[in-house]
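Look for subunit A in each of the two complexes below; its partner is subunit B in the first and subunit C in the second.
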Partner chain A sequence: MKNVTKTFRVAKRSAGFSKAVKALFQKEYTDIHALQDVTFTIKDGEMVGYIGPNGAGKSSTIKILSGVLTPDSGSCLVNGRIPWKDRVAHVKEIGVVFGQRSQLWWDVPVADSFELLRDIYKIDPEQYRKTLARLTELLDLGEIVRTPARQLSLGQRMRCEIAASLLHNPKILFLDEPTIGLDAVSKIAVRDFIKTLNREEKTTVILTTHDMQDIEALTERVLLIGKGRVLLDGTLAELKKRHGTYKILTVDYTGNAFAVPPAADLIENLPGHAVLSVNTVVLSVSQAVSAISSTVEVKDISVTGESIEETVLSLYKEFDI
Partner chain B sequence: MKLYLQYFSMLVRCQMQYKFSFWMMVVGHFFMSFSLFFSIFFLFSRFGEVDGFTFPEILLCFAVVSMAFSSAECFARGFDVFPRLIKSGDLDRILLRPRSVIFQVLCSNIEFSRLGRFLQALLILIYAVLTSGFAWSFDKIIALFLMLTGGFVTFSALFILYAAFSFFTIDGLEFMNIFTDGAKEFGRYPFSVYGEGILKFLTFGIPLALFQYYPLLYLTGRSDRIGLIFLPLIGFLFLIPCYAFFRFGLRRYQSVGS
Partner chain C sequence: MRKYWSFFRIRFIAGLQYRAAALAGICTQFFWGTMTLLLYRAFYQNGGSAFPMTFPELSCYIWLQQASLGMFMAWSFDEDIFSGILSGGVSYELCRPADLYAMWFTKNMALRMSRTALRCLPILLVAAFLPEPFRLLPPPDLFCFLGFVVSLLLGFLVLVAFSMLVYISAFYTLSTSGVRILVVSVVEFFSGFVIPLPFFPEALQPFVRALPFASMQSTPFLVYSGNLSGGELAGAVGMQAVWLIVLLVFGRLWMAKTLKRVVVQGG
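Then we have the complex of A and B:
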C-alpha cells in the first residue's frame, strides 16, 4: 500500500430544525481526509494490529485493501493485484469479518448460509467438507450451525462469522473489531482461534481493534494510525519502549521525611503514603526501593507497570489525535 | 443461473419464516391493483372511450404495463431497495464476494408478495385478449410478447437508474418514482392521451412509450407498419446508459462508517 489518500465529502450542518431547512437549499461541505499518504507493506503470514482512535481511518483502510472503496490517489497492491480494479479475483483470496455487521442470512440456519457461500465462492465440495469440519472443530460450532442466525448469542454469531469468512481458505484475513461486545470467554476463544489459524495455515491477519488485549495477545507488529496518517509502525515492545519505561511505585511508610530519589517524580504525597513514577532507564526499581527504604520505614510497597491501554492512551495524547 | 436459484430458495426460506405476513401481502397486492381496474371500469361506463381507444384496448394496455412492472418489481426489487443496501452497509458485503455486483443485487431481494399483482395483471390480460375481438394473428402475438419483455426490461433499467442515483444522494430520490411507480399508474392509458410533448419525452427520453403506445397502435389496427412491434426492443438499449451510470456511481461509492 503506497501513498494512499482518500477524501470524503461530508455535508455539515448544525443541529436544529431551522438549520436543517436551510441545509436543504444550501449545503456546506467539508472535506474529511480519511487517509493521507498512508504507506505500509505487510509480508505474507504476518499478523498485524491496526490501531487508532475512532475515525482515524482504520475501516477506510480495510475497505480499500479489500476492494470496496476506490482511493482518490495512490496505489495499492495485494497479492499482485489492485483490489478495486480486479475485484472479483481479489476477493476470492481474502476473508473479511466486520465485527459490527453480519454476513449471515438472518432467518435461516447458519449451515444454509455456509452452503450458499460455498456456491458463491465456487468451492470444491470435497474441499468445502474438509474446511468446514476443521472450522467446526476449532471454533466449536457443532450444534450452533443448525440454529437460525438471529437466535444466536453474539459470541456464537461471531464464531460463525469468522467461519463464514474462512470457508474459501483465504490467504489474507481482515478482522474489523472481531471481539467487540464479546464476553471474556468468547474473546479468548476468538483470539486462540486466530492465533492457531495464523500459525498453522500461515494466513496473513490484519486486525483492527480497540481492545489492546487483542493486540497484546495476538500481534507482533502494530500500526498506529491517527487523523488519516500512519504514526507508528513497529513491534509492541518498540511501541512500549518508545514511550519510556516508567514504573509506578506506591509506598506506605512511617516516619516523616521522604527523600525523593533523583529520576523519580512524586505523583501523590500524603502523610504516610506516596506514589512515585520511576524512569527505569535511569534508575532501576530495586535502586529506587533501596533509596526509599534507607530514608523511611517502609510498611508496604507495590510496583506496577504502565498497562498497554495507558501506553496507547499516552501515545494518542502525544500525537494529539 | 444455478446460483440464482439457490439464492431464490434461500429467500423463499427466509420469507417463509413469516408465513402470515407473506400471504397477507400477496392478497393485499392482488386486491390493491383491482382498485385501478375499477377506476378504469367506471370511467368507461361513463364515457365509453378515451382518445378513441375502447375499453378492451385500454385494458390490454393496462395489463401489459402492469404485468411488465410487477415482474420487473419482483425480479429487480434489489435495485428498488438499493438505498437501503447502501445505508445498512450490505453493499460492502456484496462487493466482498466474487460475483458480479448487478447479479448479487438482483439476488439480494426478490419480492414474492408482488406475485399477487402479477397474477391480477395476468387475469386482466387474459380477459382483455379474449374480449378485444382482434384477430390474434402470429404477428400480433409476437407484438404482445415483445411489449411485455420490452416493458420488463425498461422498468428494470429504470430501477437500476434509480439505484445509481442513490450513490450520490444516499437516500432514494422520490422524483425517480414518477418513472417507475408513476409510469405504472399513468401507463394505464396509451401515452398519447397526455399530449404530444409527453409522448415525445416518453419516446426519446425515457422510452416508456416504445413498449406501450406504438406497438398498441399496430395491435389495435390503427397502424399497419409492422416495424412498430419491434420498438420495445429499444428498451434493451436503454439498459446500457443506465448500467454505465450505475458503474460510474459504484466507483464514487463512499460506503458508510462502521
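Then we have the complex of A and C:
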C-alpha cells in the first residue's frame, strides 16, 4: 500500500431549524481526509494489528484493501493485484469480517448461507466438506449452523461470520473489529481461533480493533493510525518500550504521609494507600522502593507496568489524535 | 452461472417463508379482480362495441394480471438491498467474486418469482372455472400461447432491469421513498396496470406503446388473448427485446460508474 489517499465529502450543518432550511438551498460540504498518504507493506503470513481511535481511517483502509472502495490517489498491490481494478479475482483470495455487519442470511439456517458461499466461490465440494468440518470443530459450530441467523447470540453469530469468511481458504483475512460486543469467553474463543489459523494455515491476518487485549493476544506488529496517517509501525514490544518506561507502584503503609521521590508522580493518595507512577529512566524501581521505605513502614508494595491501554492512550495523546 | 442459481435459490426459499401473506394476497387479488371486472361490465353493457378489447379478452387480461401480480407489481422492491446500501452491508456483497449487478438482478427475480409461485395457481384455477364471460379462457391457439410465454419472460426481465435503476439510485439518494413513489406511479399508469393500454386515447397510443413500461405486463397479457397478433405482435415483442437490452446496458454502465465512487455508509 503506497501513498494512498481517500477523501470523503460530508454534508455539514449546525443544529437548528433555520440552519436546516438554509441547508435546503445551499449545502456546505467539508472534505474529510480519511486517509492521507498511507504507506505500509505486510508480508505473507504476518499478523498485523491496525489500531487507532474512531474515525482514524482503519475501516477505510480495510475497505480499500478488500476492493470495496477506490482511493483518490496512490497505489496498492495485494498479491500482485490492484484490489479495486481487479476486484473479482482479488476477492477470491481474501476473506473479510466486518464486525458490525452480517453476511449471513437472516431468515435461513446458517448452513444455507454457507452453501450459498460455497457456490459463489466455486469451492470444490470435497474441499468444502473438509474446511467446514475443520471450522466446525475449531469454532465449535456443531448445532448452531442449523439455526437461522436471527436466533443466534452475538457470540455464536460472530463465530459463524468468521467461518463464513474462511470457507474458501483465503490467503489473507481482514478482520474489522471481530470482537466488538462479545463477552470474555467468546472473545477468547475468537482470538484462539485466529491464532491457530495464522500458525497452521499461514494465513495473513490484518486486524482492526479497539480492544487492546486482542492486540496483545494476537499480533506481533502494530500499525497505529490517526487522522488518516500512519503514526507508528513497529512491534508491540517496541511500542511498549517507547512508552513503557513508566512503572506503577502501589504502596500500602502505616504512619504519616511519605515524601514523594522527585521522579515520581502521585496518582492516588489516601491515608495508608498510595499509587505512584515512576519514570524508570530517572529513578529505578528499587531506588524508588528504598526511598519510600526509608520514610514510612511499608506493609505491601506492588509494581506493575503500564497496561497496553494506557500506552496507547498516551500515544494518542502524544500524537494529538 | 451456478453461483447465480444458488443466489436465486436462497432468495426463493427465503421468499417462500411468507405463507400467510400469500394467502391474504390470493384473497385480495381474487376480490380485486372480481371488482374490476364488474366495474368494466357496467361500461360494456352501455355500448361495449366501441371498446378496443372484447370483454372475454379483458377477463383474460385482468386474471392474468392478478395471477402474476407478484412478478409485475411495481411497488415491490427488495428491502434488503436498500437497507444494505443505507447501512453499509453492501460492503460484504462487494467482497464476493461475483458481479453485483447480476447478483441483485437474480435476487430480484427470485423474490418476485417466489411471491408469484405461491399465488398464481389458485387464482388461475378459480378463474378458469368462472362462468362466462368472466372466465379465464385458454389462449386461442398454440402460437398465441408460445408468444405469451416468450413475451411474459421478456416483460418480466424488462421490469426487473428497470427496477435495478431504482436500486442503483439509492447509492445517490440514500432515501429512495421519493424516487419509489414517482417510479411506482409512472410504471403502474403506463404499464397498463391501472387501465389496459388499449383503452388509452388513440392519439397517445404510439407514444405509450413505445415507452419501456408497455413492454412489461401489457404486451404478454394482450398476446395471450390474441388482442395483439401478426405484425403488431412481432413489433411489440421486438420492442420488449430492444428495451431489455437498453435497460441492461444502461443499468450496468451506471452501476459500474457508481461503484467507482461508492461510499460505504456507517463506518
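Simple rule for what comes next: the second predicted complex is superposed on the first by the 295 of 321 C-alpha atoms of A that agree within 3 Å, B and C clash if a C-alpha of one lies under 4 Å from a C-alpha of the other, contacts with A are read in each partner's own complex, and residues count from 1 in each chain.
Going forward, a residue touches a chain if its C-beta (ideal position, glycine included) is under 8 Å from a C-beta of that chain, and two chains touch if they have at least 3 such contacts.
For clarity, every value in this text was computed on a predicted model and none was experimentally measured.
After alignment on the shared subunit A, the placement of subunit B and subunit C results in a clash.
Judged by the touch definition given at the top, the superposed model places A:Ile120 against both subunit B and subunit C.
Of the two partner chains placed around the shared chain by superposition, subunit B and subunit C are both touched by A:Val88. Look at A:Pro178: by the touch rule set out above, it reaches neither subunit B nor subunit C. The interface of subunit A with subunit B overlaps its interface with subunit C at residues 8, 55, 59, 63, 66-70, 87-89, 91-92, 94, 96, 98, 100-101, 103, 105, 107-108, 112, 116, 119-122.
Every residue of subunit B that touches subunit A in the complex is listed here, in rising order: 2-3, 6-7, 10, 13-14, 17, 89-90, 92-93, 95-100, 251, 253-255, 257-258. Those residues of subunit A that touch subunit B in the shared complex are 8, 55, 59-60, 63, 66-70, 87-89, 91-92, 94, 96, 98, 100-101, 103, 105-108, 112, 116, 119-122, 148, 176. If you check the complex, the residues on subunit A that touch subunit C are 8, 54-55, 59, 63, 66-70, 87-89, 91-92, 94, 96, 98, 100-103, 105, 107-108, 112-113, 115-116, 119-122. For subunit C in complex with subunit A, the touching residues are 2-3, 5-7, 10, 13-14, 17, 87-89, 91-92, 94-99, 260-264, 266-267.
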